[in-house]
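Below, chain A partners chain B and then partners chain C, in two separate complexes.
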Partner chain A sequence: MNNLLRRSIFPIYANSLKLSCRSFADVPIKEKIDNIVKNNKVVVFMKGVPDAPRCGFSNAVVQIMRMHAVTYDSHDVLSDEDLRQGIKDYSNWPTIPQVFINGEFVGGCDIMLQMHQSGELIEELKKVGIKSALLTAEESKKEEVK
Partner chain B sequence: MVYTEAYLKEKLTKDLDAVHVEVTDDSDGCGAKFSVLIVSDKFQGKPLLARHRLVNTVLQEELKSIHAFTQKTLTVEQWNAQKS
Partner chain C sequence: MNIILRPGVFNCLNIHRNMSGMVGIIEYTIRNKLLSLLEAKHLDVINESHMHNVPKGAETHFKVVVVSDKFEGLPLIKRHRLVNDILKDELQSGVHALSIIAKTPQQWDCSDKVVESSPTCKGGFGK
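Moving on, here comes the complex of A and B:
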């Protein structure tokens, strides 16, 4: 009797388990991204790696970061298909690269470039306690003039 | 789907009430690489990210097949200041 019961219940149980697994299938990538962007002040999702970007837009972001001497965490979407789609869904932004500061999506290449040109990037970095190398350079120039 | 400069220009002008739109096809004709300049007062009071999100929403379908997309979003005031 017990055996019979178990046998008849088990398929239902197994089925519902499978279902719940499927509906949670996209949770891990979202959680993973959540952790990535919250654990680092500056995060760049890009094509390739900083030493070898594999797209001109990603390269532009790397160059901007280099100019400001920002240390950042970078993730190559070309080596992780889940991440490539997952990051677009996460930030509701259709393109790569994507830059996060303090867990907040800041923008892609165009926005970074314009923030760099307007000086806004220096301010945003300052807010999270990062001093841009461009600011340091500017200050030492002023020192010299004095 | 391959999009043309003229198609994108018309759509952006209409959907964003833009007073000036420049679309450049940077792709040598494959239709997957564009840069755009959009001047519209719909951008008034919106930070850069919100402006770009607005444009992305208008071109939601198109951006699925446009591989590279560069945008500049100005208000009429900013556009005039830049011209002078």
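Moving on, here comes the complex of A and C:
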């Protein structure tokens, strides 16, 4: 009897769950972004792709990442309109590119550039276990001097 | 990266003219809002739209240099959020790119007061 009851109730329950998810149209994209930024140490939402950025600001971020030899997960907002608006809502930040480190929004192009210039970026990367190539280069220089 | 140096402007009332020599309504609004709400000690509002794939005289891409006591003790991201918030309406109604330099008066005095030009467009506007 118990079994029978469970079987008959479960499909109804499952259906209503699906419906309630669908009624919040913004939930899927938010969840999607949540997953992306939490599953990768460094994520860049940009216009275009790293090999062919389609915006100067996005290109600047790519160049900075390249200098530090950071591997990152990149997402092209121009090929996904939901993502383009979704990411702005997610981080409450009006412009692209956007950089996330360890699931946290760090900033756009201006902030990345200043963090790069001040050395703060090296420190932030260190916190998540990434050693910047600039740091490696500096260390090997010191070794040579010794 | 090509960097074009642009001399800093020391006068708050100095108005950067766009390519057609006119100060646009949005540029004027941005200037007024930042001056009054942040009590900016130094302010540069630069219309960089002509560097992008937009019609002549457009007001879509801006760079602002804001020097204010209100940034004291705030990390960069909070300074930027403050400026973004003040210009929320503009950002929702046509301003597409906003580059921000936010410094305290002390930081500004210690800096070389040179504002680097934004990177060149890669043609991805809107599409």
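Everything below uses one rule, namely that the second predicted complex is superposed on the first by the 123 of 146 C-alpha atoms of A that agree within 3 Å, B and C clash if a C-alpha of one lies under 4 Å from a C-alpha of the other, contacts with A are read in each partner's own complex, and residues count from 1 in each chain.
Going forward, a contact is a pair of C-beta atoms (placed from the backbone, for glycine too) under 8 Å apart; a residue touches a chain by one contact, two chains touch by 3 or more.
Here the structure is a predicted model, which means the values were calculated and not measured.
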Which partner reaches more residues of chain A (counting touched residues only), chain B or chain C: C
Partner chain(s) touched by A:85 [first = chain B, second = chain C, both, neither]: neither
Partner chain(s) touched by A:107 [first = chain B, second = chain C, both, neither]: both
Touched partner set for A:117, first chain B, second chain C, both or neither: neither
Partner chain in contact with A:94 - chain B first, chain C second, else both or neither: both
Chain B versus chain C as contact partner of A:60, first or second or both or neither: second
Common interface positions of chain A, toward chain B and toward chain C: 56-57, 92-95, 105-111, 114-115
Residue ranges of chain C touching chain A (in the complex, touch as defined): 1, 76-77, 80-81, 84, 88, 91-92, 97-101, 118-125, 127
Touch list for chain A against partner chain C, complex: 47-48, 53-60, 63, 78, 92-95, 105-111, 114-115
Complex contact set, residues of chain A against chain B: 56-57, 92-95, 105-111, 114-115
Touching residues on chain B, where the partner in the complex is chain A: 48-49, 52-53, 56, 60, 63-64, 68-72
